[in-house]
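Each chain gets a letter, A, B, C and D, in the order it is written, and its residues are counted from 1.
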Amino acid sequence: MLDKEGIAKRIAKEIKDGYYVNLGIGIPTLVANYIPKGMDVVLQSENGLLGIGPFPFEGEEDPDTINAGKQTITILPGSAIFDSAMSFGMIRAKKVNLTILGAMEVSENGDIASWKIPGKMVKGMGGAMDLVASAENIIVAMQHVNKAGESKLLPECTLPLTGINCVKKIVTELAVLQVLPEGGFKLLERAPGVSVEEIEAATAGKLVIESDVPEMAI
Amino acid sequence: MLDKEGIAKRIAKEIKDGYYVNLGIGIPTLVANYIPKGMDVVLQSENGLLGIGPFPFEGEEDPDTINAGKQTITILPGSAIFDSAMSFGMIRAKKVNLTILGAMEVSENGDIASWKIPGKMVKGMGGAMDLVASAENIIVAMQHVNKAGESKLLPECTLPLTGINCVKKIVTELAVLQVLPEGGFKLLERAPGVSVEEIEAATAGKLVIESDVPEMAI
Amino acid sequence: MLKVVSSADEAVHDIQDGMTLMLGGFGLCGLPEKCIAALVKKGVKNLTCISNNAGVDDFGIGLMLKQRQVKKMISSYVGENAEFERQLLSGELEVELVPQGTLATRCMAAGYGMPAVFTPAGIGTEVAVGKEIRNFNGKDYLMEMAFDADFAIVKAWKGDTMGNLVYRSTARNFNPVMAMAGKVTIAEVEELVEAGEIDPDHVHTPGIYVHRIFKGENYEKRIEQRTVRKKDNA
Amino acid sequence: MLKVVSSADEAVHDIQDGMTLMLGGFGLCGLPEKCIAALVKKGVKNLTCISNNAGVDDFGIGLMLKQRQVKKMISSYVGENAEFERQLLSGELEVELVPQGTLATRCMAAGYGMPAVFTPAGIGTEVAVGKEIRNFNGKDYLMEMAFDADFAIVKAWKGDTMGNLVYRSTARNFNPVMAMAGKVTIAEVEELVEAGEIDPDHVHTPGIYVHRIFKGENYEKRIEQRTVRKKDNA
């Protein structure tokens, strides 16, 4: 079973040289730490930056320089700053190659719910609806089950949707799964020490197992 | 009767302190020379400049710095450069206070034709269609009659239109006229030495004369 | 151009109860804190505020919420404010949640004189309810309307007496698109310089969009999430 | 990011007959003259060119027209080119005249992922024929479609190895909106610098939009209308 860092590490392997990548808040943010050195990858922050750098050294925080999670960051050489309209312009125009974000639920046809629990929590969708509506390559990073032990991979989402038919891949503490165009979660890889049966038990939506499922290498 | 410089001089009197003004090619360009000193006026050039300055001194021409007529110009202190989309954005959003442009024909309901003579000349509309469709304060600077001696102030335009119901005022070598909301050219001022009869003879559209028409002071 | 005013109080003097305001900033970054303080002092009420976030409890628009000056918030993310959540759940506060890109684009539409724009954000979700959907090239888009704001209030790093603005780093965010979109636009700046001191090629918001400008003093520029790393041993 | 190419020839090597190209510039100002020269040399044909103007007889797109490489021009103003007029009147050249603001906005729409935009330009004229008209708040607007270009070819003053671009003075014009709009965007620059040498706040076109970049040598930068004034006696 993977911890959060493990999920981030596994997702980092999906990143290719030359990619522009948007990382959501939470586990996706951690992915930045595992991009292989020497690989040319530019991180987009939807508040208006291409070229997110590491956190600043203590005492060097700049209140004018934050990421979309409102954390103080630094800016790498070769960065560009732009306004919010251009930021989402480039997202809508599919210039960002990969989007990694969290979710509360994903359905077997790729719908995602991530922004609202009716009567309990309404923080807002932020940029997530724009990202999932336009991005062609979306990976969801999340826990396989929620705190109540219920599967977050469902036949249909029960929470208000963020977007439809958009999630391509899911990485959880148990597995890597692909959302099939015809519907269903195809099991691609098992986390170290996790059995297919455990994954089946934690997946409420249709799980497609085609052959021997390899353990992931991270 | 006014010469071109006289028309420009008269139009310059329509400019108010604090105005942003777009000047078309031809006579309108001359208006810049007659803006009273000390008046704070910013000239917009639709190729992407607020703050057109005078022509450069000989030898100081900069090929990167031109106006919408493609003439070499200079840029004044406090200018801003922007791209073509923003330039027409500010025009559409009515941020430009006054638009002065030339015309081949104007109709008594404020239609304007200025960009095409079928079978003879098709240079294109450039930015004129955008300007006339959005500007709330449009003055046309033109000759009252064409080279064949025919009136350019018509009941209806005969040439392909640039825009409809948009011209508010016309300044010619003979007169200053207002386009009435209900239709018709209201004669506001006569050029020095020009009689009402001469203006009537040169105006094919409905001419509205309400009282003694003063001679213009320039 | 007579755009320079002496203070935030003067800049907001004619903002009236019931008006619609756009406020720049992303979280607390690039926030027009001086104008917000002036609005709090003025006590103007029943405002509709278009702003990406709603501040925190004791800073930014949170200060206006605390005083119940806001009737309606139009935002994309409001998850950092307990008082906000309380007013929302109790029904005291009306909230329209808008995808962040849609929010930015509806501002830009206003500034560019476009009455409506098309975006796929929100298709298939409750954001799409009641809105016109159009299909272009096999993909569905929502038609979203340009905002209509009485005032836009933005914060820039530097401005000149002609109203030209330059932003610094990610404090740019929504400020340029909102600056374009107000019927009246107020800019507060950290440095106010003479016309000619800003390179025309570096201007982010041309002065034509800015009606009033003033220099704010002693910016607090609060940090919402201070994240740092330790210095490596050298 | 492996965006730097060695020459204009390399940059345009895969532009094929029948493609649609956007070409930046306003008149001869800010024109991608090195790529145009490479296209003339390459002899690629049946092109659709989206560009505000069509160059003059012996410079800019005029050179491509002379060689009959252009099947269709989409422009706002073409009045400086005798060969163009000849091909147009003889029917050899197809021409779509588009209001200048509409042209710019259709480029921006492509770069911003908006399939269509609304503009009042052309209402009541032949530009409106066959197009959808919509009324918003009592005013009619045309729905105009985003452009779809295989390549956008732009000229910047300075660029870095990440593809970030900075334009100089009014040579900016259509270049940034076209740079955003191409499926593949080629930028030619007068100065090519390392990543980090351009202040991120000064970038006009973020590198994400630029796929290939090269330094052009010996720019001619021809002036179309040389207008000067005499020096006053000092």
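The criterion applied here is as follows: a contact is a pair of C-beta atoms (placed from the backbone, for glycine too) under 8 Å apart; a residue touches a chain by one contact, two chains touch by 3 or more.
This is a predicted model, so every value here is computed, not measured.
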Greatest separation from chain D - chain, by CA centre:
A
When centres are defined as mean Cα positions, the distance from chain A to chain B in whole Å is 56
Could you give the separation in Å between the centres of chain B and chain C, each centre being the mean of its C-alpha atoms?
37
For chain A paired with chain C, centre-to-centre distance based on mean C-alpha positions, whole Å:
28
Quick check: what residues of chain A touch more than one other chain, meaning two or more?
49, 75, 81-82, 85, 88-89, 91-92, 134
Junction residues of chain C - those touching two or more other chains
105, 112-114, 119-120, 167-169, 172, 200-201
Between which chains does touch occur?
A-C, A-D, B-C, B-D, C-D
Over in the complex, which chain D residues touch chain C? Could you list them?
105, 112-120, 136-137, 139, 141, 166-169, 172, 200-202
Chain A-touching residues of chain C, taken from the complex the two chains share:
26-30, 52, 75-80, 85, 88, 95, 97, 99-105, 107-108, 119-127, 157, 167-177, 204, 221-231
Can you name the residues of chain C that touch chain B in the complex?
1-2, 110-114, 160-162, 164, 180, 194-196, 198, 200-201, 203, 206-209
Note which residues of chain B are touching chain C in the complex, please.
18, 20, 40, 42, 44, 49-51, 75, 77-82, 85-86, 88-96, 134
Spell out the part of chain B that touches chain D in their complex, as residue ranges.
45-49, 54-73, 75, 81-85, 87-89, 91-92, 111, 122-130, 133-134, 160-165
